[in-house]
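Which chain is which? They are A, B, C, D, E and F, in the order written, and residues in each are numbered from 1.
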Amino acid sequence: MQRPSGRQPNQLRDIEITRNFTCHAEGSVLVSFGKTRVICTASVEQGVPRFLRGQGQGWVTAEYGMLPRSTGSRMGREAARGKQGGRTVEIQRLIGRSLRAAVDMKKLGENTINIDCDVIQADGGTRTASITGACVALVDAINYLQREKIITTDPLKQMIGSVSVGVYQGVPVLDLDYPEDSAADTDMNVIMGEDGGFIEVQGTAEGAPFARDELNAMLDLASSGIQELISLQKAALAG
Amino acid sequence: MQRPSGRQPNQLRDIEITRNFTCHAEGSVLVSFGKTRVICTASVEQGVPRFLRGQGQGWVTAEYGMLPRSTGSRMGREAARGKQGGRTVEIQRLIGRSLRAAVDMKKLGENTINIDCDVIQADGGTRTASITGACVALVDAINYLQREKIITTDPLKQMIGSVSVGVYQGVPVLDLDYPEDSAADTDMNVIMGEDGGFIEVQGTAEGAPFARDELNAMLDLASSGIQELISLQKAALAG
Amino acid sequence: MQRPSGRQPNQLRDIEITRNFTCHAEGSVLVSFGKTRVICTASVEQGVPRFLRGQGQGWVTAEYGMLPRSTGSRMGREAARGKQGGRTVEIQRLIGRSLRAAVDMKKLGENTINIDCDVIQADGGTRTASITGACVALVDAINYLQREKIITTDPLKQMIGSVSVGVYQGVPVLDLDYPEDSAADTDMNVIMGEDGGFIEVQGTAEGAPFARDELNAMLDLASSGIQELISLQKAALAG
Amino acid sequence: MQRPSGRQPNQLRDIEITRNFTCHAEGSVLVSFGKTRVICTASVEQGVPRFLRGQGQGWVTAEYGMLPRSTGSRMGREAARGKQGGRTVEIQRLIGRSLRAAVDMKKLGENTINIDCDVIQADGGTRTASITGACVALVDAINYLQREKIITTDPLKQMIGSVSVGVYQGVPVLDLDYPEDSAADTDMNVIMGEDGGFIEVQGTAEGAPFARDELNAMLDLASSGIQELISLQKAALAG
Amino acid sequence: MQRPSGRQPNQLRDIEITRNFTCHAEGSVLVSFGKTRVICTASVEQGVPRFLRGQGQGWVTAEYGMLPRSTGSRMGREAARGKQGGRTVEIQRLIGRSLRAAVDMKKLGENTINIDCDVIQADGGTRTASITGACVALVDAINYLQREKIITTDPLKQMIGSVSVGVYQGVPVLDLDYPEDSAADTDMNVIMGEDGGFIEVQGTAEGAPFARDELNAMLDLASSGIQELISLQKAALAG
Amino acid sequence: MQRPSGRQPNQLRDIEITRNFTCHAEGSVLVSFGKTRVICTASVEQGVPRFLRGQGQGWVTAEYGMLPRSTGSRMGREAARGKQGGRTVEIQRLIGRSLRAAVDMKKLGENTINIDCDVIQADGGTRTASITGACVALVDAINYLQREKIITTDPLKQMIGSVSVGVYQGVPVLDLDYPEDSAADTDMNVIMGEDGGFIEVQGTAEGAPFARDELNAMLDLASSGIQELISLQKAALAG
């Protein structure tokens, strides 16, 4: 088996994490997983949604979008069509849920962090790149809240990272790009914390069902890949 | 640990599968997982969506809804609010994707089977009950297509079933009801085929991240639970 | 003239009224007019809509829907299409208006009762079945309010019932099923109270205009049919 | 009993029917029932909606709207709110259904007549004024079709007219204006043909249910009022 | 060059401004620029939109619509399509912005004036007719506010008027009608105050770009045309 | 008068035009006017919208959007709110109209070029930056069409550029940034071609009306600024 990109089965694409990519957001990151590029911003807002008011806790939520020509052929603009598609909704719910697992809502106080992940170029793995980049933007927003003395303790429980794994031509591989993704038998998105625990596991048989040992092999790949990503996040934050 | 319902950790709720629940649909099933009750219909339609035309293959798709007062407090009616919520979209995509894995689209010919899962009473696990019941309705619709000689070979690849598993008070348990679901640390929905392979695995840490051995224990519970469900599906189809 | 069902011109279909059909709603009724089956729930909510606040009175409102495959061929799901159709809107306004005529809003206090009528199987007369079933659910919800001591006097002014009448092959007939309804010259929906007064009369010439004596014959049929329905409602409530 | 306007119980308001009110439509009428003023246009379009194609018959349909400040206090513009309200939908369905009863669809050929009723000033009875005015615009559009030799026989079956009747302070009265309408016990809209047959009867108890003799008295008033309106329509068409 | 209407290049169409066209609005004007006819109403509302609350100032805003058959062929009704088109949005923003320039918001106090411009017959120049007519309705609404002693000083800074100019067959012309508008090389809408200053200038090259001297010639025409319109507005207000 | 940025009145901000910013679009440009940054893509699509079919000519259209946190405080995402705001609609209509003026539609053949302008960072002048950047992306898309021999002649009539001008503290200035824009008395957006002709002129009095000599001074500034921008476009295309 030869991966289209020539990578090893357990090899990530080139990862780049650029902080302060735009100037207005409290956290703003351009993340690249190879040719997949996503702008992730974290915006701080005082107060929380209605269903949480008066409970002394914060909220983290996310929205996701793709520029119309981030893909090979132009997609209709969701704002013009008047609704977000099912895939968009599914992804932004995943991003929000994952990042909430990284934050102690009590320590965040009655503040909301809105995450926006906007894909400017897509080549597979946009949701995992989004989560990985957004976690860095989230940390920058949290640092802003502490620096401005809006909160006094650090609400970050741990860094989280995310990567896709799959079975391509019978072989488990890490961080699928689009040519692999569209041909894979199985596609799995994994989100893990720095502590090695699972935040979310979503595996889908695209062709034949997958067996328990394939699942295990994919989770092994994801575990090491995500630890590598978390190292890169930390390096970016230290930079 | 005592489950609120008094069940054993590996014990399903009472499962009932009633075929021909309504009279118009080619497949119509009322499925109950304890107090969770869902009407699953399968409607046959000649032709396929535009993106598949002329390729000599069929399509299976699904929609999901909850009656406004299927839940403890009344929810707004999605038709009146003018859009389906994110959770609805996520669930109906899951149902459709899972059932497509059970069908050989070439053998289905240029026919569409529309699955509708409408929850009339909710007590946790509505998506897994939906998939389990819808698979039976799907088989009835496929039988209709063969009986009417619209297709000549059986497109069903295998039965599929679905159940939720979770970690409740530190113990892996099968088929969570609402009181367990709302208090669980981890919630996982598993869809498997008769052959024991995974169609979809979706696990979410609601509280702390979950470890590999917890994942394994949950998958063991799901595997045996789903085989039990598939036996019940077959008994209903034989009835 | 022979009715397709073999019924006499003044004969109702088999009527069944099952209370407590689902477990969460304060009133929950499955009503059957022959093969037409509707789930009617009444949900109590504290407070009233904005336009009534502070006036010391309550509100009753209704929503109506059909499951996509409640009919012979599948209809698009209104929640997915993003709006309720004109027929749906017209029917739910009728249901709400009729039930409000049965309730003394001052005695209801600042409480709202939301009626949901969801058709699971349609064979003509869904709106009249809905009103008839919903009135029973409404009474159960009112009983709940009194039992819980949220209100202290009975706001029910009288029971109301509803039935369709029409002219089929030149003969006035009661309680049209779908084969009659789709071939009738005239279709009329009547809502009356226990006291024999009219709450709402809606007659439509489908083919030729109808004459005053036809109108009178239809109203006679409706009057006796509705009194029969109100007896069945009372029996169900006593059961 | 004294009517607010000083009219007799069986007296219409001043009725004016102005043809060719605007210049583009095939039929364009400004109708006034007292202070209620509605622009009714009939627009001819080749072809029919999809569900009627190839059946050799035509279609008549209607839309209704109110200018935001046609009423005492400004209403939100439906185009800006993004949907038509329930009352609008109910009224435009009534207008379309009534006018279709006046036309032989076979003789209309595969042509559509779109009726638009736009209320520029409202003082009660906008739906009955709309139907009465729209029937004149419809005739002008039908005359256009014949003059242009698009159709060769006259598809008009008969003129139709419409008026409201009600019980005001215990007395049945004809053609309610807004002060009467908002205080009436019963409100009924009647549509009849030139031949004296009923096209549609819609009666609603606003307060107490209404009795059979009240219904009869109201229908008597409506019958004579509508014949008077049809005379005025004919005079306008002859003018 | 001969204008289709036979007018001189610097000649307005026949202008009519009828006040009190409808009875409910505080200001109600029917304005005609030749065959273009627009109902302009100004509705007074206590309070201001949320973003202005508590700042002691008022607001003026506008909405625009066309009756479906105001044009040569029927347009879909925006309320039925569920959204306002881009042209509508652009025009109503222009109307609102222009009229705000005529009003001292501090002197208006915390009151809102809603302008509605509804085109009943279109023959080019609907936006300029709307602004010219709406300014008269606005003055009537302001007079109402003063007469009712809701405000004590006159918030009108000056009258404003608007007209279109263009280059038709190489010649700059004033107040284009539809035949000119659809054939013009350049189309410009100008809004000016009584003092001769520009409120808004919007010029668009429909064919070839336009040169500075053409721009100047068009602005000269607009200046004199608008002063003429303002005289007509004043005459109407004095009438 | 001192500009907040320290620029001379006739001085543009630093302009950067980066081609091939993303990899999928036929034309992809990142344009910066100081801190304002916009991704402009041009996507080629075979065929034209329905209203142009069979006329042997092409079409150019544009959509515009802002990332939610491109601005100082986060704006709601238009896709999530379910509609594009009025400002968005107004701007994308301007962009499309302007670029169509640069193209000979007959020479473009039955092909459509979709322009997407997505603002990733906003500091005033996003519409003028969009048009200036989009013209470069358009040329790249046109070059693609010629290179692929889809069309055989060059449909570009001339380059166009755009800049804002305004009166800030009484002084006419070029290329306003956000601090100037929000304080300016007058704001004007000008689009011109390489030949010095005007494509579009839109001037708005934000405070007091503006006089003819101010208009002239602003147009002088715009003319020289746009010629400078067109030189930069050409340099980028030559690069």
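Please note the rule applied: contacts are C-beta pairs under 8 Å (C-beta built on N, C-alpha and C of every residue); 3 or more make two chains touch, one makes a residue touch a chain.
A quick note: this is a predicted structure, and the numbers were derived from the prediction, not measured.
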item: Equivalent of D-E within the choices B-C, E-F or A-B, defined by over half of its residue contact pairs recurring; value: B-C
item: Euclidean distance of C-alpha centroids - chain B vs chain E, Å; value: 59
item: Whole-Å gap between the CA centroids of chain C and chain D; value: 28
item: Centroid distance [mean C-alpha coordinates] between chain C and chain A, Å; value: 50
item: Shared interface positions of chain B, touching two or more other chains; value: 82-83
item: Chain contact graph, described as a line, ring, star, complete graph or other shape; value: ring
item: Neighbour-by-neighbour ring order, given that chain C leads and chain D comes next; value: C, D, E, F, A, B
item: Chain E contact footprint on chain F (complex, rising order); value: 83, 86-87, 89-90, 92-93, 97, 101, 188, 192-193, 195-205, 208-212, 215, 219
item: Footprint of chain E on chain D - complex, ascending; value: 22-25, 28, 35, 37, 39, 41, 43, 45, 63, 65, 67-72, 74, 77-80, 82-84, 88, 114, 116, 118, 120-122
